[in-house]
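Before I ask anything, here is the structure I am working with.
Lettered A, B, C, D, E and F in written order, each chain numbered from 1.
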Amino acid sequence: MNLFNLHNSLESYLVVAALLFGLGIYGLLNRRTLIGLLISSELLLSGASLNFMAFSRFLAPDPTTGQIFTLFIMGIAAAEAAIALSIIIAVYRNYQSIDTEDVAELQG
Amino acid sequence: MMELLEMEPLRLLIFLGGLIAFAALNAAYLVWLERKVAAHIQCRIGPKEVGPFGLLQPLVDGIKLMSKQLLVPNGVDPYLFKVAPLLVLVPAVMSFVVIPFGENLAARNIDLGLLMIFAFASVNVLGLLLGGWGSGNKYAVISAARAVSQNVAYEIPMLITVISLVMVTHTMNLNEIVKQQEGMFWNWYIFRLTASPLMPVAFLIFFICSLAETNRAPFDLGEAESELIAGYHTEYSGMGFGVFFMGEYANMVIGASLATVLFLGGWQSPFGIGSGWWWFLLKVYALIFCVMWVRWTYPRTTLWGLLNLSWKVLIPISLFNLLLTGATIKVVSYLFGA
Amino acid sequence: MGKENLQSAIVQFAALDQLLALGRANSLWPMTFGLACCAIEMMAAGASRFDLARFGAEVFRPSPRQCDVMIVAGTISKKMAPAVQTLYDQMPEPKWVIAMGNCAISGGPFVFEGQYGIVEGADKLFPVDVFIPGCPPRPEALIEGILELEEKITGTRRWPRVEAG
Amino acid sequence: MSSLFTAEGLAGLLFLFIVAVTLIGGIIATNSVRLPRAVSGLAMCLIGVAGLYYFLNSPFLAAMEMLIYVGAVCVTIVFAIMLADPGAEKRSGRQTALSGVLSFGVAGILVWGLVLLATSTMWPAVPVKVNDGSVTAIGHALLTTYSMVFELISVVLLLAIIGALVLARIGRDKA
Amino acid sequence: MNEPDCNPNQETFVINLGPQHPATHGVLRVKLTMDGEYIVHAEPVLGYIHRMHEKMGENRTWAQFLPNTARLDYLGALSYNHGYVQVVERAAGIEVPERAEYIRVITVELNRIASHLLWYGAFVLDLGGFTPLLYAFDDREHVLDLLESVTGARLTFCYFRFGGVYNDIDEPFITGTRAFIKRLRSRLPDYHNLVTKNIIMIKRLKEVGPISAEMCRRYGATGPVLRGSGVCYDVRKNEPYSVYPELDFDIPVYSECDSMARYMVRMDEIDQCLRIIEQALDKLPDGPVMAEKAPKIIKPPVGDYYGAVEAARGTFGIRVVSDGTNTPYRMKLRSPTFSNLSLFGEASRGMLLADALALMGSLDLVIPEIDR
Amino acid sequence: MSGYFCELYSGTKSLFVGLGITFRYMLKPVVTLQYPHESLPMSARFRGHIELIGDEETGAPKCVVCGMCQKGCPSNCISLAGEKPEGGKGKVLTSYILDFTKCSLCGQCVESCKFGAIRFSKDYNLAGPRKEAYIFDLLKRLEEKGR
């Protein structure tokens, strides 16, 4: 496989997407602050979007589908970020911390 | 397949080099111009002793800034501190790529040029924010927060205004938009009252928003000297500060170019003959002169005043303009249309 | 004096050095920093009548990080001395200091036997390059001081000397 | 390899660069202890993703990615960091090492599986495209096929704004 | 000043405004406890330019203290000269010739104009407008030229003497002053159009920084700050001194209590100063400018003396205690800005940083006078 | 609602008026005095540091070393010395040192001099790299001037 022709193959995008997804999972499991978790989840979403885009470019008969999916993901992600941040700030006001360990009042 | 690379890589490089040189030279001489304009508004002379009319002043300042010690103070985040000025400058230079200086004088003629510029402009904000935060200085943090809330608030009326314009032009290709304004100056979109009766107001809104977006007075809250020392670049010395400055002036040029392209006919001559890049530069510099003129006339607004202006005046008017534009298009196409 | 704490470059290019000196001499950005009466004359020197801008020295930067020259304009009290010292330390090299007015030179009229409140001269705190006497000096004297500093940096004087009279 | 200096080769090189930017950004975003750096890593990664979208024939999405993610989401996150000012992430010794290894293992297995799936599957041949996937096509699709979703997402956004306001307000009153 | 309610849940932080800060006009330091952009608590920290004036007064002869008065408030130096000279004259029983008193009034009012012009510029500079500062400086240079031609100095005048003034004014000064009055009158409308009527300015000053008359009384605020709160108090009218009773002028009073009111008071005062100077020039009598019987060495009889004048920033009071020797036994200066600044802590509570700086600018601070 | 539009109108108008004023000033001639190239004559009463007045015929200082200036000076910047020459009457000035760096230009010395021996100079633009340069030996300056 030619190293300089990677951008024309579906697999390379899928691998990058998988790596992004993996990084997101790793971050979600490993991070200790709410903001860190949020950042990781954004990575996760990007991985998914990239997959959609790649499939729609290479495989789908209608190339708009994937793009529209990605657009919706963006919209949702933006909404999610806004909500998550207001939650984080509310949590910070009440606990003086955004560390997941400290915010454990609801733990069973 | 890639449109981008259908031409030789060489041309790309030349354009890139040219753009960077243009941005740097522009920044340098805009500073000179600003100092001269300010001086004459205040009945002074301004830089004069260094070179004829002080023309070598920017050069000398550049030499000095470059030879100045680069301080990375204690308590800053060294990576963010160093990256932030670049985050301001690079997107600004990248935005130049799509600006049509003349009919065939755009580095890239991209269909989504308008969107590209806004995309790059949004990165600029991040640069300010990280620069302010990375400095670890309270003034810088406050200033960065201000700059961002202001940018976010003014992006809305600006985008709404641009959307109403795009409804008229049917394209986001800047070159196309300029071509649509061919002929005498009443074909410029600012005077195209048949497209929307509020076009001059839309231009005014766009101008105000671009002032706010580029953090220029009277919206220079981020650098409010009497409140926040030097704002987000308080801790920057030497070229770090210089790069911030270059980015700021490059942004100013982009704002003015965009206003020229969208409303003032780009490189089109106002009389239908003799169009070319000279007209473009003339209009851009005239707008930049206005920006400076405004800066040296008004006091600074407060954060609340600024947000009030955006939410209570600019957004309602631009929304109304959007509606009106849509209605006008419908009515016109109904009356004379297909 | 201010150059003493500059490290000398390993390789010296005479022409380049001269260019740098020219650059620095003609772009002296002072700090927005006034202590007392002389600060008003400093402002007056920047104002329309005298226009410090002609020499490229009107860019008063509020942050010490972006300044080249500190104009100590006024009395340094003992309480203020640490702050002034900090400001000096915060300025990046190369930097210069102008002591403007008698208070900054030697404590001026506030020196008397048994005085407890002021520092008797800015040169007690850090090296001073140019002294401008007067109480307060006229704006012309400040301009003269800037020119004097330029002469000190480049080694030559480009401007005519004005005989008082 | 001789094709490096042609347009195609350059594009390939650019692609590799963008992939590198994306992945390095991702690694910074997940591993940096200081949150502002993590956000700048995220921004870097998202700029890379935007570049990938450009390679996927969708400059529109690339611009939107920059505008929404870099310009809005990242900025919001930095804002949150400023407001909450958490400092460096705390990590307690034993748990960190263990959780690091564990989560790396889990993520590694996932990636391995996905990569295996991606490379071993025989993807069907490219079918005939019904349109060119341009902005016009997206616009048409949005206002016809997906109009319901389009409306719904605007409702979601509105709710999100209201929710965010309410949440932030409540926290403020309590303090 | 009481400490802020220390609520651990409040995300406050402390920033230091000064001692070197563009907005503090010198070396004032204000410790601000901020909640975001809002000020929770402000505490001015003084003493950064304490120059031992009162102590020096006790170490010097009566005449040798004269140059110090000019360095208290360097923007309105002549008023301070006037206050000191007046109280010593009263103590020593020296009669001042009328011409000298008229000259004093003319120069003091010119100095007041210079001071207000500089304040105008600096105030607008605090609000971010640079150009008005330089217009004001341009006019101020004319005042300084006039004053320099009489007193020999531009800023720290030492012109008044016990029993009169140092030297007489001449014809070029009088014509120059008349020309200046005409010039300033023609330029004041520009000032108003450029700044006073500007919507940004109005938005920033109207209803910002309210200081009630009651608060003024509590802190002893005087001058334009007090008159901007609706209290008509001016030493020149209420406890007339010098030749002010013979001149016809108004005391501008605004009762809005906000920064705009204080701004307007000062701008109107410039007008009134012009009126006073015009009248004084018309009425200027002939005669000596120095009392003939003024002793060379002043030794006021034992006693306690107080005198006050209306300086550009408010009431400047000076109390001297004489033990009959040629040095004062005790000298106490009551500087107006000290009281005016004291209320900043209370008045700025809960304000935005930018508004607080507008408030601070409207107080017209000169720091060496606060610290003395 | 009408208030909103009124404010919008008057506000916008005030902004344009402001622009008009600055534009007008921009077209006015500059007021700058280009200092090293041109300079103002100092007014007759300008107070620089003090200097001795020489006798018009002999050039010797008029000072009789009474010491009043020294006594009157608030900041002790003047120190002078004289000696009685053999056979002459009155003292002759041998040194007159002025520490200008402490002077506050109050004019007490000039005022207290009954013999008109000192006056203010017109040196308004002193600046230099050494502070010792401002401790003047006025006698020497007078001699140099006489030459």
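We adopt the following convention: contacts are C-beta pairs under 8 Å (C-beta built on N, C-alpha and C of every residue); 3 or more make two chains touch, one makes a residue touch a chain.
All figures in this text were calculated on a predicted structure; none of them were measured in a lab.
Least step count on the touch graph, chain C to chain D: 2. Among the chain pairings, A-D comes first (most C-beta pairs in contact). With centres set at the average Cα position, the gap from chain B to chain E is 44 Å. Centres computed as Cα averages put chain A at a distance of 5 Å from chain D. Centroids of chain A and chain C (each the mean of its C-alpha atoms) stand 55 Å apart. Spacing of chain C relative to chain E, judged by their CA centroids, is 29 angstrom. Counting only residues that touch two or more partner chains, chain A has 93. Shown for chain C are the residues that touch two or more other chains, namely 32, 47-49, 51, 54, 62, 109, 112, 135, 138, 159. With touch defined as above, residues shared between interfaces to two or more other chains in chain F number as follows: 15, 18, 21-22, 25, 30-32, 34, 74, 104-105.
Across the complex, chain E is touched by residues 38, 41-44, 138-139, 142, 146, 217-218, 220-221, 224-227, 229, 296-305 of chain B. If you check the complex, the residues on chain F that touch chain E are 7, 10-12, 14-15, 17-18, 21-22, 25, 31, 43-47, 72-74, 104-108, 111, 120. Across the interface of their complex, chain C is touched by residues 35, 39, 42-50, 54, 56-57, 59-64, 67-71, 73, 225, 229-230, 233-238, 241 of chain B. On the side of chain C, the complex with chain B involves touching residues 19-20, 22-24, 26-27, 32, 47-48, 51, 53-56, 58, 61-63, 65-66, 68, 90, 92-94, 158-159. Every residue of chain D that touches chain A in the complex is listed here, in rising order: 1, 3-4, 8-9, 11-13, 15-16, 19, 22-23, 26-27, 29-30, 35, 38-39, 42, 45-46, 49, 52-53, 55-58, 60-61, 64-65, 68-69, 72-73, 76-77, 79-81, 83-84, 86, 89-91, 99-100, 102-104, 106-108, 110-111, 114-115, 118-119, 123-124, 126-133, 137-138, 140-142, 146, 149, 153, 156-157, 159-161, 163-165, 167-168, 170-172, 174-175.
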